[in-house]
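Here it is: the structure, laid out below.
Chains here go by letter, A, B, C and D, matching the order in which they are written, and residues are numbered from 1 within each.
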Amino acid sequence: MGPDGPERAVDRQMTFGQATVEALSIAMRADERVIVLGEDIGWGGNFGQFRGLLKEFGPRRVIDMPISESIIMAVSVGAASTGMRPVASMSFVEFTMGAMDEIVNQAAKFRFMFGGQTSVPLVLRASDGVLRSSAAQHSESFEAIFAHIPGLKVVAPATAADAKGLLATAIADDDPVVYLENKRIGSSRGEVPDGEYFVPLGRARIAREGRDVTVVCYSVMVTYALDAAKVLAEQDGIDVEIVDLRTLVPLDMATVDASVAKTGHAVIAHEAWRFGGFGAELAAQISERHFGRLGAPVARVGAKHSHMPFSPPLERAVAPQAEEITHAVRTTLAHRARAVATGRDAGRT
Amino acid sequence: MTRKAVADHPLESADLRRLYETMVKIRIFEERVQELFLARKLPGFVHVYLGEEAVATGVCDALQPGDYITSTHRGHGHAVAKGVRLDPLMAELYGKETGVCRGRGGSMHVADFSLGMLGANGIVGGGFGIAAGAALTSKLLDLGRVAVCFFGDGGINKGTFHEALNFASVQQLPVVYVCENNQFAQFTARERTTSVEDLSVRAAGYGIPGHTVDGNDIEAVRGVAGDAIDRARRGEGPSLLVMETYRYGGHFVGDMEEYRDKAAVEQQRDRDPIRRAETILLARGVDEAELAKVREAARVEVELSVEFAEQSPYPDASTALDGLFATPVVQS
Amino acid sequence: MGPDGPERAVDRQMTFGQATVEALSIAMRADERVIVLGEDIGWGGNFGQFRGLLKEFGPRRVIDMPISESIIMAVSVGAASTGMRPVASMSFVEFTMGAMDEIVNQAAKFRFMFGGQTSVPLVLRASDGVLRSSAAQHSESFEAIFAHIPGLKVVAPATAADAKGLLATAIADDDPVVYLENKRIGSSRGEVPDGEYFVPLGRARIAREGRDVTVVCYSVMVTYALDAAKVLAEQDGIDVEIVDLRTLVPLDMATVDASVAKTGHAVIAHEAWRFGGFGAELAAQISERHFGRLGAPVARVGAKHSHMPFSPPLERAVAPQAEEITHAVRTTLAHRARAVATGRDAGRT
Amino acid sequence: MTRKAVADHPLESADLRRLYETMVKIRIFEERVQELFLARKLPGFVHVYLGEEAVATGVCDALQPGDYITSTHRGHGHAVAKGVRLDPLMAELYGKETGVCRGRGGSMHVADFSLGMLGANGIVGGGFGIAAGAALTSKLLDLGRVAVCFFGDGGINKGTFHEALNFASVQQLPVVYVCENNQFAQFTARERTTSVEDLSVRAAGYGIPGHTVDGNDIEAVRGVAGDAIDRARRGEGPSLLVMETYRYGGHFVGDMEEYRDKAAVEQQRDRDPIRRAETILLARGVDEAELAKVREAARVEVELSVEFAEQSPYPDASTALDGLFATPVVQS
C-alpha cells in the first residue's frame, strides 16, 4: 500500500479507495498533525478508504468516533484551529446534515468572523450519490448546499488519480474543504501517479475534447458524460467536449468559458437534484457570460424533484441516467438547427 | 439502575408461548431474508435482528394496538412484533408495489402507520425525538397512548438522545426509551466509543428511572417493559431501559466481520432467547412437538410471504414522483 | 389582539409580528391540533410573533422548548405524523442548521419514503436576513438550501398581509413548510385583512406594474425593489415591474414568465448569497424559457461570497443594498441599448 | 456530585486580591458596555456578564497562558479573565479595525487565539466540541495544555453537550466543562426546560467527576476549578463543574425582563461575588482605601479603552471580503 513499495514501476491501476488511502498515508507520514476521525474508520471504511491506516498510525491518529456527527465536526474545528489538520469522515453525506451547524456556523465562519486570527485546515469527506437502492437517506448529493456557503471549498473528483491528488491538496489547504466521493465510482479503477501527487483546487480538466457541445460536470457524471459522448459520436456524429470541474469552489469558469466559447452549446449534468442544484449557478453564469452567443439554452440534467425511492425501477426514474445527457445534447443541438432554419439564431456563427 | 431478575416477572405459559411464537417468526423471517439477500433477490442492503428477538417481542407485547413505536435501520423485528403482516413486509424488502411502503422505502424504512409503527429509520438516533413527538400527540389529544423508541448502543451517543430524554422528562411524556445493547455499532465494539459500561446510568441525568435488563430473557424484558409502559400510560413519565443482547450476524448481511472473534459470537448462542424460552416451556410440560409446530407455522408464513413478494409487481416507473407532497406541487 | 374585537372596522395597519400572532391565534382557536413549539416563545418572540399565545392557549399548546433545536424539529415531525399540526420556531435561521438532519432527512422524506402512508403537516418558522450588525451567526438567509430539498415548501412573505395569509395557509397545508420571516421587515407595518385570511402557496404577486424590466424578488428585497423602482422612475424614466414570489416552492413561474415576456428584461434580487443562491435557479429558468427573447442577460443581486461582518461599513459592503438593484436595472437596460446600437440584439421586438 | 465548601480552598490574600482585581475589571467594563450600548455607541446587541464575574475569574486564574478556553455569546468576562487587553476588546464592540477581530466579530465573537481564547460564540452549545478538539490537539502534540469550555444552564440541554462529554471521556481529554448556571436561558427559567435540579448529576452519564459549586464564591470557584484543571493536565480526563450564579441584567442589554421579578434579582445581590471577596479582604485587614484604588484603576483602564475605541477607525469597506479564506479564491 505504501507508495515506495516494489509496485512503483509496475501497475498503478487502483480504485478510488486505494488512491485515497495512498493520499492519506503519504500526508500522515509527512505531517504528524494530519489525523483522521470518523465512525468505524479503524475498520477500513465502506470503500476501503482507510484500510491499513489504523495499523500504521495507531488509534491516537486514526480515531474511531462515537456516532456523534456534530462532535466529529466540532472536534475537527477545534483541533484544526489549534494546529492540527483533521480529516473528518462521515460515511454517507446525509449524515453531514447532523453536523450542519458545525459545518456552516463554525467551520465556514471561524476564520472570517474572528478577523482572520485563525484558519481551519480540515477536510470533511463523505460519500454521496446513488448506489443500488440505498433509498432516501443514503443516496443523495448536497454539493449545492456546501458550495452556497462562503468559507467552504468543495471538491468532487471523477477519477482515481484526482481522488488522490485532490485529497492531498485538500489536506494541505489551509481552509475547510468538503471532499465528496461518489459511491458509484468508489470502487472503479484508474491509473494513479506514484508518490506525492497534488492536483490544484480550482483547475478544471478537459475529460474529452470536442467541437460541438460542452458538457459541464463533475464526479460520477463525468463517467456518464463519457458514455453519452461515445454514443453521440457513434450514432449522431456529435463531438462532445467534457469539462470535469473537479472543484466547485473554487470554480474554474475560465475553462468552462473557453469551452463554451468554442462549442457555443452547454449541457450541465449532476446527480443532485436539478432544481436549485449547482447546475443552476453554472447555467446562470454561462447564460450571462455567453449571452447572445449560445446556439441553444443551457440544458441541465439532474435528479427529479423527489427523494430517492428504494425500488429499482423507481430509482432509475428519479436519478439521472447517461441517456439523459445524450438526450439533452441532442435537444440542444436540435434547437440550434431549428433556430437556424427559422432564422431565430441568437448568435454564434 | 436495577438489574431486574426473571423471577420478578414470571409469565403464564400461554403468554410465554405467544411470545415464543413471535420470536420464532422473527427468527425465521430474518434467516430467510439473509438467504434471499445473499441470493441477490433483495435490492439495497439489509440489517437483520438475529439474536435480539426477545427485545422487540417482549416490549411490543406490552403495548396496545394504538401505541406507537419508532424503529432503527434494523427494523424488521420491530415491525413483526408490532403486528405488521409478513406479506407486505417481505414485499417491501423486494421493492414491490405491494410492500408496506409501496416499495419506496425498502428494508431501512419499513413502516406501518396504521399499526403505530412509525418507521424504521436509516439515521441513527432519528427516532428519539419522533417518539417524543408521538407521545406529545397522545398527551395533548388525551389518547392514552404510549410511544416506545427502540435504539442501539451506538445510537445512545447521539446528541438527540440527550435532547429527547431531557424534553420527555420535562414534559413527563408517555414514552419509553429502549436501548438494544447488542455490543456493537457497525464494526466497532461499544466500549471503544462509549464512556460508561452500564448505559442505564444515563437516566439519572434526566431524572427518570433507568433499568438494565437481560435482553435475551423474554420474561425479564416483558416484565420490565410492561412496568415502564404502564408507568408512562399513567402519566408518570418516561423511562430508559437498556436491554443487554447480542448481534449474531454482521452489521449488515454480507459483512465480513473481521473485527470480531467468531468464537465469541458462538459463545453468545448459549444465551439464545428462543432456546431459553423453549427450555422454560419444555420444563413447564409443553410438548417439543408443539414447539415444532410453532416453528413450522412460522416457516410456512415466511415462505408464503416470499411467494407473495416474488409474484407482486414492481411499482410502475411512471409513479416515481408520486407522493412527495400531500398537496401536490408542480415544480418546474 | 383577537380578530373579532372592536378594532374590526377601524385601523388594520399592523406589524408582521402582529399579523403573525393573528394567523396563529385564529388557527389555534379553530383547531386544537395546532401547537407552537420553540425556545422562549412563551415570552412573545423576538418580534412579538407569539405575544399573548401562552396566555390564551396555555403551556400545553405553547411549549417553551429547551435549547435543543434537533428535538424541536424531531418532536414536530413525530407529532405531525401522528395527527398534530405543529408550528416549530427557531428564532434565527442559523439555528436551523442544528436541526438540518431532522429537516432534510426526516421532515422532508417521511411522506415519500414511507410510500405516502403519512404526511407531515408542520411549519418551521425562522427569522433570516441582515439586521444592524448581528454578525456572521445571526444575519444569513438559507432559502436556497431549503428550496433545493424535495419535500419542503418554502415561504418568504414581503408584507404584513402576506405574513398572515401565507402563515395561515402554511399551517393548513399538509406538508412541511419552511416559513421565513425577514428580520428587517419584521417590525414594519401594513394593512392586514381581518378574520380568517389565506394566501395560496405558489401564487406570486405583482408588487408593482411596469413595462421596462422585471425585478423578481421576495421577502425584504421587495421593499428594496420598490425603493429602487421609485428612484429609477424619477431619475431614469424606467418603469420597473416587481414580481414578489411569496413562495419559492411551489414556484410560480407562470407569473414570472408573463412579466418577462412583457418586459424582455429580468433582474433577480435576494439577500442571500448570490453564488449558488435561489436567484441562480431563477436566472437559469428565465434564460432557458426566454432564450433569444431577452434584451440582456438576466442580472442577479445578492450578498457577496462572504460571511456577514459585524462592523457597519463592512456589513453594508457585503449585504445587498437597494442601490444594487438600481444599478443592475440600469446595466440591464444599457446592455440592450448597446446591443441594439451594435446590431447584436438577440430578440425581443 | 459534591458541593465543595469554601473552607476547602482558602486563598492567600495576595491571590484573592488578584482575583478581586479581575472581577472588578470585568464588572466595570460590563457596566460601561451597558451604558455605551444604551447610548447607541455600540452596534449589534450585547450580553453582559454582570453578577457572574467570579466564574470566569476563578477558572481562568487556574489556567496557564497556553491553555485554551471556549466562550459563549456572553463572552466579555471570559476574554478579560483570559488576559485579553481592554483596548482591542472594547474596540471590537465598537466594530473598529483595531478590535481583537478587526471589527468583523463584534460582541458575540470576541476572540484572541494568541491567548488561547478560542472565541465567544453565537451558537449556544457551540463550544463543547471545539474545546474537546483543542484538548485533542494538546493531547496529540503533547502540549500539556488544558481546555476549558464555558457554557450556560441553557446550553446544557444541547445535544452537543452529550456528544462532547462522551467523546472527551472516552479519549480522556484534558478538558474541563464549566457550566455557568445563572438560572436563565434568555427569558426562560431553568426549571421550565431542564429535567434535573442539580446539573452536575449529568457527569455520571459519562463516567467523569461532577461538582456543583457556589459560583459566586471566588475561593470555591478557584479551588474546585484548580483541582479539575490539574486533574485534566495530569491526563486523568475531563470534569463537569456547575457554577451556581445569577444573571443580574436582562438576557441582553435592553431586555425588558417581563419574565422575572425585580425583587428576586435584587435579593441575589446579597450573594454578590465581588462584595463577598471585599468582605473577606477587609476582614483580613486589607484597607478599604486599597480596594477603592483597585476600582479606580479599573475605571481608568476601561475609560482608556473607550477612548481608544472611539478614536480608532472603522475598517475600510474595501476590505469587507478579506479573510474568508486562508488561501484566497476568486469566486465569480
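By our rule, a contact is a pair of C-beta atoms (placed from the backbone, for glycine too) under 8 Å apart; a residue touches a chain by one contact, two chains touch by 3 or more.
Note that this is a predicted model, so its numbers are computed, not measured.
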Chain whose average C-alpha position is farthest from subunit A's own: D
Chain pair with the higher count of C-beta pairs in contact (A-B, B-C): B-C
Centroid spacing, where centroids are CA-atom means, of subunit A and subunit D in whole angstrom: 41
Subunit A and subunit B: spacing of chain centres that average the CA atoms, whole Å: 37
Chain centre separation in whole Å, for subunit C relative to subunit A (CA means): 31
Multi-chain contact sites of subunit C, meaning residues that touch two or more partners: 65-66, 68-71, 94-95, 98, 101, 105, 112-113, 135-137, 150-151, 275, 305-307, 309-310
Where subunit D touches two or more other chains at once, by residue number: 101, 103-105, 109, 121-123, 157-160, 163, 166, 170, 192-194, 324, 331-332
Subunit D residues within the subunit B interface of the complex: 157-163, 165-166, 169-170, 192-196, 201-202, 204-208
Touch list for subunit A against partner subunit B, complex: 39-40, 42-43, 64-71, 94-95, 98, 132-138, 275, 304-307, 309-314, 316-318
For the subunit B and subunit C complex, residues of the former touching the latter: 68, 70, 99-105, 109, 111-114, 118-119, 121-123, 126, 128-141, 147, 159-160, 163-164, 166-167, 170-171, 322-327, 329-332
Residue ranges of subunit C touching subunit B (in the complex, touch as defined): 32-33, 35, 60-61, 63, 65-66, 68, 70-71, 73-84, 86, 101-102, 105-106, 110-119, 121, 150-151, 153, 173-175, 201-202, 249-251, 253, 285
Residues of subunit B that touch subunit A when the two form their complex: 43-45, 92, 95-97, 101, 103-109, 121-125, 154-155, 157-159, 185-188, 192-194, 258-259, 314-321, 324, 331-332
